[in-house]
Amino acid sequence: VSGDRFGELLGQVAQGRLSPEAALERLRHLPVDDLQFAQVDHLRPLLQGHQEVVFAQGKLPEQVLGICRSLAEATGAFLVTRADAPVRERLREAFPRADVNELGRTVHLEPDPPPASTGRGTVLIVTAGTSDLPVAEEAAVTAHALGNRVERLTDVGVAGIHRVLRSAESLRRAAVVIVIAGMDGALASVVGGMVRVPVIAVPTSVGYGAAFGGLSALLAMLTSCAAGVAVVNIDNGFGAAAAASRINHLP
Amino acid sequence: VSGDRFGELLGQVAQGRLSPEAALERLRHLPVDDLQFAQVDHLRPLLQGHQEVVFAQGKLPEQVLGICRSLAEATGAFLVTRADAPVRERLREAFPRADVNELGRTVHLEPDPPPASTGRGTVLIVTAGTSDLPVAEEAAVTAHALGNRVERLTDVGVAGIHRVLRSAESLRRAAVVIVIAGMDGALASVVGGMVRVPVIAVPTSVGYGAAFGGLSALLAMLTSCAAGVAVVNIDNGFGAAAAASRINHLP
Amino acid sequence: VSGDRFGELLGQVAQGRLSPEAALERLRHLPVDDLQFAQVDHLRPLLQGHQEVVFAQGKLPEQVLGICRSLAEATGAFLVTRADAPVRERLREAFPRADVNELGRTVHLEPDPPPASTGRGTVLIVTAGTSDLPVAEEAAVTAHALGNRVERLTDVGVAGIHRVLRSAESLRRAAVVIVIAGMDGALASVVGGMVRVPVIAVPTSVGYGAAFGGLSALLAMLTSCAAGVAVVNIDNGFGAAAAASRINHLP
Amino acid sequence: VSGDRFGELLGQVAQGRLSPEAALERLRHLPVDDLQFAQVDHLRPLLQGHQEVVFAQGKLPEQVLGICRSLAEATGAFLVTRADAPVRERLREAFPRADVNELGRTVHLEPDPPPASTGRGTVLIVTAGTSDLPVAEEAAVTAHALGNRVERLTDVGVAGIHRVLRSAESLRRAAVVIVIAGMDGALASVVGGMVRVPVIAVPTSVGYGAAFGGLSALLAMLTSCAAGVAVVNIDNGFGAAAAASRINHLP
Amino acid sequence: VSGDRFGELLGQVAQGRLSPEAALERLRHLPVDDLQFAQVDHLRPLLQGHQEVVFAQGKLPEQVLGICRSLAEATGAFLVTRADAPVRERLREAFPRADVNELGRTVHLEPDPPPASTGRGTVLIVTAGTSDLPVAEEAAVTAHALGNRVERLTDVGVAGIHRVLRSAESLRRAAVVIVIAGMDGALASVVGGMVRVPVIAVPTSVGYGAAFGGLSALLAMLTSCAAGVAVVNIDNGFGAAAAASRINHLP
Amino acid sequence: VSGDRFGELLGQVAQGRLSPEAALERLRHLPVDDLQFAQVDHLRPLLQGHQEVVFAQGKLPEQVLGICRSLAEATGAFLVTRADAPVRERLREAFPRADVNELGRTVHLEPDPPPASTGRGTVLIVTAGTSDLPVAEEAAVTAHALGNRVERLTDVGVAGIHRVLRSAESLRRAAVVIVIAGMDGALASVVGGMVRVPVIAVPTSVGYGAAFGGLSALLAMLTSCAAGVAVVNIDNGFGAAAAASRINHLP
Amino acid sequence: VSGDRFGELLGQVAQGRLSPEAALERLRHLPVDDLQFAQVDHLRPLLQGHQEVVFAQGKLPEQVLGICRSLAEATGAFLVTRADAPVRERLREAFPRADVNELGRTVHLEPDPPPASTGRGTVLIVTAGTSDLPVAEEAAVTAHALGNRVERLTDVGVAGIHRVLRSAESLRRAAVVIVIAGMDGALASVVGGMVRVPVIAVPTSVGYGAAFGGLSALLAMLTSCAAGVAVVNIDNGFGAAAAASRINHLP
Amino acid sequence: VSGDRFGELLGQVAQGRLSPEAALERLRHLPVDDLQFAQVDHLRPLLQGHQEVVFAQGKLPEQVLGICRSLAEATGAFLVTRADAPVRERLREAFPRADVNELGRTVHLEPDPPPASTGRGTVLIVTAGTSDLPVAEEAAVTAHALGNRVERLTDVGVAGIHRVLRSAESLRRAAVVIVIAGMDGALASVVGGMVRVPVIAVPTSVGYGAAFGGLSALLAMLTSCAAGVAVVNIDNGFGAAAAASRINHLP
């Protein structure tokens, strides 16, 4: 509707009933939303060009299904994260072609045919322990959906430092490294010191007691002794992949 | 400059070189900032119509002085909060006509002649103890500068509940009540239960030990058993006055 | 009973058996509660004149039902908040005429006929994401029950800033704005900077990890860079509506 | 057994085989536990002379039953706190004469005949809201079991300050006052300012959001503006009663 | 002034111009503060009958001096706590007869002649380490000023448990025990298990690192494994003495 | 594979096709992981020589079973900690010879015949209350599996200090003492002051309210007034046993 | 020295005294550090190729000077961060050619001639308020020293959302955006939603009360509603620049 | 004095005036402290046999001097920790022979001649960065004073993992390793995984922002992924040395 006032104004200018100067003056006093419609294209969400992402936590299976139906119709694709068992079940029935990742709690419907990867290099996802794998899978599926090649490196906790070191070449081949670790989060510092490419650290809620639901890993990663390690929220595999994808699609 | 593109576009419409429809289409694709100039008037800061407010904490006396000089020139008025002794000294010299409030750490230059109060009623500022007075003074000076009549009620801590009760009539005469208290912040609940008008609670950092710099009062006020008490940041007399002024200037 | 002593004393004065001076002296020594009965009328709860509000959390369905029966008999109306499924079920059976809001977990029995809205203007309830809707519904139902006109504006998170901007006119038409957001709570600052009317911010427990059950949004809103934004407890839609209603009924 | 060495030593002294000086010297070198047996009588637990108290949380019904059986046999009495439904059920069957308090989650077997109250005065238990009643009942049953007369005063939250004031006489009649409140814990300050007798404040976990499981009430009570209010752990009705009983049995 | 309306009303009753019933009705509608004057006597502060207590922290030396002058004139006595060096110096000059306690940061002017102790028994103040002495001295001076006999037991930390045990008889002779300890606050549990009289625990800010300014001792004391230990704020020697004095003056 | 490049290089040196100096130079430029294979033997996990330990929390019964099968095949032994009921059930079926500890949630398959204890002395595990027993059992089973003689001392809370003292001789006989306590954690300080051997303190999550899931005991133990008490994570019986075993196997 | 053993071994192989197989076997048993020398080149610190960075906080001026002298000699360049006034003074004297940034507390000695920028695009540093400038300057100087082109955009707090919007084009021109904000940290979410390139958010300790030294901004940024915003430590301008430089030098 | 009653009792037994049985009975009723004198020898402090340790923080120089004089006279030795500049100065004058460690803030007077080291092996003190050196020096001086051989390994932060690896042999030669690190505390996990001997981790307050005064390192070390790492308080070099000395003196 806000376009209408605009159109009307332009019409008056076209008909000579309003001088350009007067129109400009009047525009100065129009409220924001009358102008703003024009900006939609320029401000579209980050992930545009890729599938839309639905955060399913706290939504009913029917609600998620509804959103996914509308996305599938419009774009032929969607990605659902934090999909618990009932949501996954409901989507599996409705979209037999979708990829369901039980561990990562994701459901992904790719366009047909799937688009080629558009990122510059590989996003490498490194995990400290097997309990960190759900977060790693969320990150892997998201990064793939956003157009990145993904590799995984699992179970390289620093208490067995030789396992980290043996991975050095894999680490250095990556364009971006996502480090996922709970408890002391020490892997982020070790990896951060071994590579020169961007490192995104994801603290996980793995651990008990003084792990305080991921707080210990979060604080450790924020104060990492390796320079230039950047951190996302606890258990936020999706966010890490989104950050890595921003980096990997650097113009 | 962004106005230029706009003017140019309007000129083409006026000259018939561009149809209104085509102009509208083209506008859709202009980046935000080319349109945004028009919004300045509509998005001016809250305090518009009153003196500009300068937060002096972390600024050098010379910097504050510079900003005040430019404001005084443009509008004949300014309000400085969190002005420590050197800042107050510097401004007192430069603006002998300004009101300096030592306790509240404010410096206020009013327009000449001072404008009439524009609020609907009185903003009543209630404090629990004498140590809360600096915050109360900051609130009082700010509320006055924003065009409100201000009254004060001091030293009515709930441990002497009769002092609170004896103030009941003052409390009910006010349009908005600002309650300022540290430690247990209990005064907010008692006052909130006694009046029906809006109550803004300000926790203060008064107290030691488990007061944790105002955290105890903050949490207590947020969980007040009186319905509809709203809270601002610890020691934020300025913010409470701004909130009260928004309320007292309800259209 | 405490009125008795008083009446007795007045009788003695009327009969000339006690001088006014002696009666006054004696009154000075009566304990508080012998005088206090007189104050009941003056200290009635905030929401007087409207339906009574019952906080159902931690109460058994039978207990809530009992309170509601007694309220319905006395006043023909009640509002129940934080009503879980069993409570809602029990009340729906007993009061078929009551409005049950599943999302907002409220049950509202309006007087018949419903009273006209008594507030000055509209209370606008703005939410950042769909997960914030339960809190928004609690606020909306409460504000309506307290005699306010209510409007809703949903899903205007700041990560898509154009959606916020497009709402500018709605925002400015309101008498009071309630902003409801979890995670970074950034919407409160953006809205607070766009309007001059009172803004009540409600942090929600939406989010995980470093959201710490609403703590991140709470701290962000308390330290909002927009002046004069006031905050209520996490998820406290009821409290926000009560605060907004105090404001909207400013004498 | 450690008494044996001692007796042996004394026997040698009695028989003239060991001089008192040599015995003393030898005692100096006996390890602690050989002497310590003598102290059992002097260091018996606080509640001696009353029924033993069993904290049932984290124990299986069978375990609690076993302890209670042994206590009932030895002393004819016991008190169980934090007894959940299965524990209560199991004890009700085994001890039909025991008092089971559903709200306070206690099971109390009194000696037969019940002993007279031994405390100096009355322990008054004041609660702010109905959600605080479970803690109040735990306190009431415990105080009674420890030999105190108990009175209750319920639902006197400070948001309706007149209800507190009307209770002034009851408050002043008590020997010790236990104040139980969640959320802002403000009742402790108000009551603490109204009476001169000892006040024990119990924060409760009632409330949500910034109540942080009782932290808000705990901090508020610790920083109470009323002098000399002492605090126990969150929800610790038992501890408050034990403290009150220590006071009420002052020699 | 509020007494006036009352007197006037009583005069009218005395003159037969108003029936007792009508007067009673009218009283029901008088605002709180018109009745409240009568309550002053009944609601006098806790410490009444003793010297007034001035909390000097955050007050200027001149302000403290002014309050003390007025108190000395009215009552011949005062107690100042948290008096830093300049305040102590200023008061020493003005009141040469006052007792200045450097360690406890108190200045005490006793009535002349000093009143006899009015408490039932002895308040015993036990400290874990020498760094806790300032808090102990504040408690000792306050307890004395409030009319209690005071004894001290110092440096009985639990790491040398024999020192605690050797004090058992002193502990059991006391009417009330104040336990003052920082760091792990373990002394409160050990003493609480050794005596049957009331125990007030004062956590101190002694310690570094994970002592977090007294938080470790505070939490430990609140969760003491000894039943019925009550706690006051960190470093609050004054509050502990006030609580002990309430207990020791049990009617 | 990385051994290949090395072998190849050595072969060239052996064949005289590469001088030792040139080989050394080339080695300097090999990436880490080409050298690292050699370190596996030197960096094997701590527990080498003993059974492998599996942390079952967050793993499915089938996953744990798979790991255990492979360990049993390779080494004839395993230890599973944090095994919930389904895991324990599954392992009991598969390994009838394994020891299942219900309280400690462990499943232990010992080599056949069981190896002799290899530690220097006895690891003594002391608990404050019966609720601490699950952690104590986890510690006991782990210490035994790692080759240590284990003794237990239960229910020696400091509120009954005579029980602690009576245990003095047992305490002093031990090579290492593990102290397990929740709430105020005071036992660690008392024991730490009574013995000269190493003390490992384990805070437990036993307690409610201000125990904050073990935080109170953790902070108290970290700030213990006994010198040289070392602490592990909340409820970490396994870690305490591992630390004790490192100590007890001192070369 | 560890190279020696290696050389010796290679010598034996060359002389035929040791077969390649035996040498390989022996290498497997060499301790880590005998092999590790070879890795130095591969594991050099992140910033290699640029000036070395010295963190001056907690170092004496003389110590910093010593390190800088040695760096200047070896590489002709250095960067010092967190240099307080005495350090800056000392370095200014010793290295007159060095750039001293008072606001950012940095001292930078560039190689002569300064190297060309090596990054892909521009690092844009955006600040919410003038108090955030010291952190912004630290970031700017560091990013420049690491070989990046730097632009600044200052004072674009979200409370004046039009200022942010007007910067949209600058934002979209950048290769990497560093967003620096204290208090509610809301700018990170708004900018994160406006651009598709990587965003590094830096919370600052600007603010008081519930800002808790940057905690509010930190939590808000970690829970940003804009997908893919990565965060570094509070006030860590250096770390943000290092992360941005890793990104901007993506191979 | 308590020995007197004992002696008297023994005398009566020797004289046949009291039967051993009656004496035993009477002993049962003697208060603790009459028996306790015998325990002094058995409960002497940990550090017995070595110099006494004085914690100087919060003590005046004169007080520290007094204690040291008395210790020097009695034992010819002392160790002072946390000695600030004035204390160090005062002790240097009084005891020219004492070793003053500026960095570690210790003053140590050794017996003459110094005793031989009595520990089993070497205590190795490893630090992550140069800012951790004050804590390391405190640990080193303390460990030496308690009779241990000490070695140091400095600046082996995990961000340069090769520096850690190159130290592997030193690490494995030690009997006990003390790891001292601030910020992310990751070094504890890496070292804990490399050695089989006991590891004591000391978090330091080095770092800013989310390091929260050592909290980040503390939590990380408590949740270390290396099994059996034990932790002491933040910055507690003394405590780490005391723990290490307990271990190194294992009987």
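Think of it as A, B, C, D, E, F, G and H in the order they're written, each chain with its own count starting at 1.
Just so we're on the same page, a residue touches a chain if its C-beta (ideal position, glycine included) is under 8 Å from a C-beta of that chain, and two chains touch if they have at least 3 such contacts.
Keep in mind that what you see is a predicted model, and the values were worked out from it rather than measured.
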Per Cα centroids, the chain farthest from subunit H: C
Whole-Å gap separating subunit D and subunit H, where each centre is the average of the chain's CA atoms: 38
Gap in Å, rounded to a whole number, between the CA centres of subunit G and subunit E: 54
Geometric centre distance via CA averages, subunit E-subunit A, whole Å: 58
Length of the line joining the C-alpha centres of subunit B and subunit D, rounded to whole Å: 50
Numbers and ranges of subunit A residues touching at least 2 other chains: 31-32, 36-37, 39-40, 42-43, 45, 159-161, 165, 168, 192-194, 209-211, 218, 222-223, 226-227, 233-234
Chains grouped in pairs wherever the two touch, ordered by label: A-B, A-C, A-F, A-G, A-H, B-C, B-D, B-E, B-G, C-D, C-E, C-G, D-E, D-F, D-H, E-F, E-H, F-G, F-H, G-H
In the complex with subunit D, residue positions of subunit C that touch it: 2, 31-33, 36-37, 39-40, 43, 45, 57-59, 203, 205, 213-214, 218, 233-236
Parts of subunit F lying in touch with subunit H, wherever the complex brings them together: 42-43, 45-48, 53, 120-121, 168, 175-176, 192-194, 196-200, 218, 222-223, 226-234, 238-239, 241-251
Residues of subunit C touching subunit E in the complex: 3, 6-7, 10-11, 13-14, 16, 19-21, 23-24, 27-32, 35-39, 41-43
Residues of subunit A touching subunit H in the complex: 128-129, 157-161, 164-165, 182-186, 188-190, 192-194, 207, 209-212, 215-227
Footprint of subunit B on subunit G - complex, ascending: 130-131, 159-162, 165-169, 172, 206, 208-211
